[in-house]
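A short write-up of the structure that comes next.
The chains carry the letters A, B, C and D, assigned in the order they are written, with residues numbered from 1 in each.
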């Protein structure tokens, strides 16, 4: 495990909400971050799918990690998410990348996939602005 | 309590993720919905504020309830959220309204406020599209 | 006419693209801006409505003026627009307001209306981030 | 030239606003569209860059063409755009692709590039929803 991934995991571990949801940081490198989460019954909405709030939490957090990989300690200023299909499956993965960045802000994209039974399908896609904290 | 509010609460109660977070439906009427949540330690991120994922979950859900108030059973197609300030306080409230609607889709806005110590401040604002389910 | 409105009009007049489209600044005051445009045949798309690009240009520009009214010389960082109905009529008006602002950025909303034959209907709504230039 | 590109060009030619701006359809194939525009003095804003309205018009239109390539006659429901840098140069190119689609709607992405003096730089990136017309 790289030092950068180890550092990123310590940041994630310091987020009580991410511990509550059981999020893992899978990839964290210059310009890129990947977060994953095993879907549990308490992550669902009334139709049995992952709640949109879980999907967008994961996208938002992955966008921030991707931006943070080039900016340092960062916050999400804003983002937009499109849900493509119901998130039905065992596991969510959010893959985020930096599309463009300056000294204090980065524009990032993130695709969220749901997997289960050997398949993986994109269930959401997001675009947002990350700002260096402080 | 109106029948509509009672019905809305039964929908919210059927969302395991909303029960996990402790969300309440405060207002649910034609074109308008208000959701609230008492902030708990497990809702925070590493800087001690409410995690963005909690704020956007509440906005997303309030947008869907607002849209659902005119469309019936509904899902969020997409939304965009701007965070205005760190959500520091005891309670989050998301107030959503329908800005325009047709037969199958509605465009809604939502402001999220954080309150505590007798003050209430807007901490996020969102705009999204809700679609009739099915 | 206030000095502020006069100043705003000189800024608009300095935008060749706004002159090409015939845009007027109707209101420009602390936290608020209103731009209008008489629809011409060359503003349309293939179905006879105002082209989405004209509607979003007007929204984008009104957002920037609203943000600029509190920040000074400004640029749009990003915005999102929902089209509510085809823009059929004689005149477009974009009404923008500041929803929240800090020292260097403002979050603004804008509604765009199309009018003609004595009626006025909202045809689009937008939300965006404006940043102080320089 | 393929029949599809020829057809797309006839659609673009039928948009008075696109003729006013001098837009060309460079690529139009299943899931992908590319629009380009030679920057003229009347496309600028007060600082000498392409007006944001020109950049977002091109992105919006490219998103609609990309969506239309899989849905048929289409309109943009909503989109979001982030400006990455001032659009300084001779030519704008908007490259759009379908990220996910169903029977009546498609989610598309578009990157806008500005070129001049042998270089090409991304100046904006957009994400939106396209809906089949009618």
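Throughout what follows, a contact is a pair of C-beta atoms (placed from the backbone, for glycine too) under 8 Å apart; a residue touches a chain by one contact, two chains touch by 3 or more.
Quick caveat, the model's predicted, so the values are computed rather than measured.
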At the subunit B/subunit C interface, shared numbers over all numbers used: above half (same) or below half (different)? same
Would you say A-D or A-C is joined by more C-beta pairs in contact? A-D
Distance from subunit C to subunit A - Cα centre to Cα centre, in angstrom: 34
Taking each chain's centre as the mean of its CA atoms, how far is subunit A from subunit D in angstrom? 28
Multi-chain contacts in subunit C: which residues touch at least two other chains? 77-78, 80, 82, 107, 129
Which residues of subunit B touch subunit D in their complex? 77-78, 80, 105, 107, 129
Of all residues in subunit C, which touch subunit D in the complex? 11, 14-21, 41-47, 51-54, 56-58, 60-61, 64, 75-83, 133
Which bits of subunit B are touching subunit C when the two form their complex? 80, 82, 84-85, 99-100, 107, 109, 111, 122, 125-127, 129
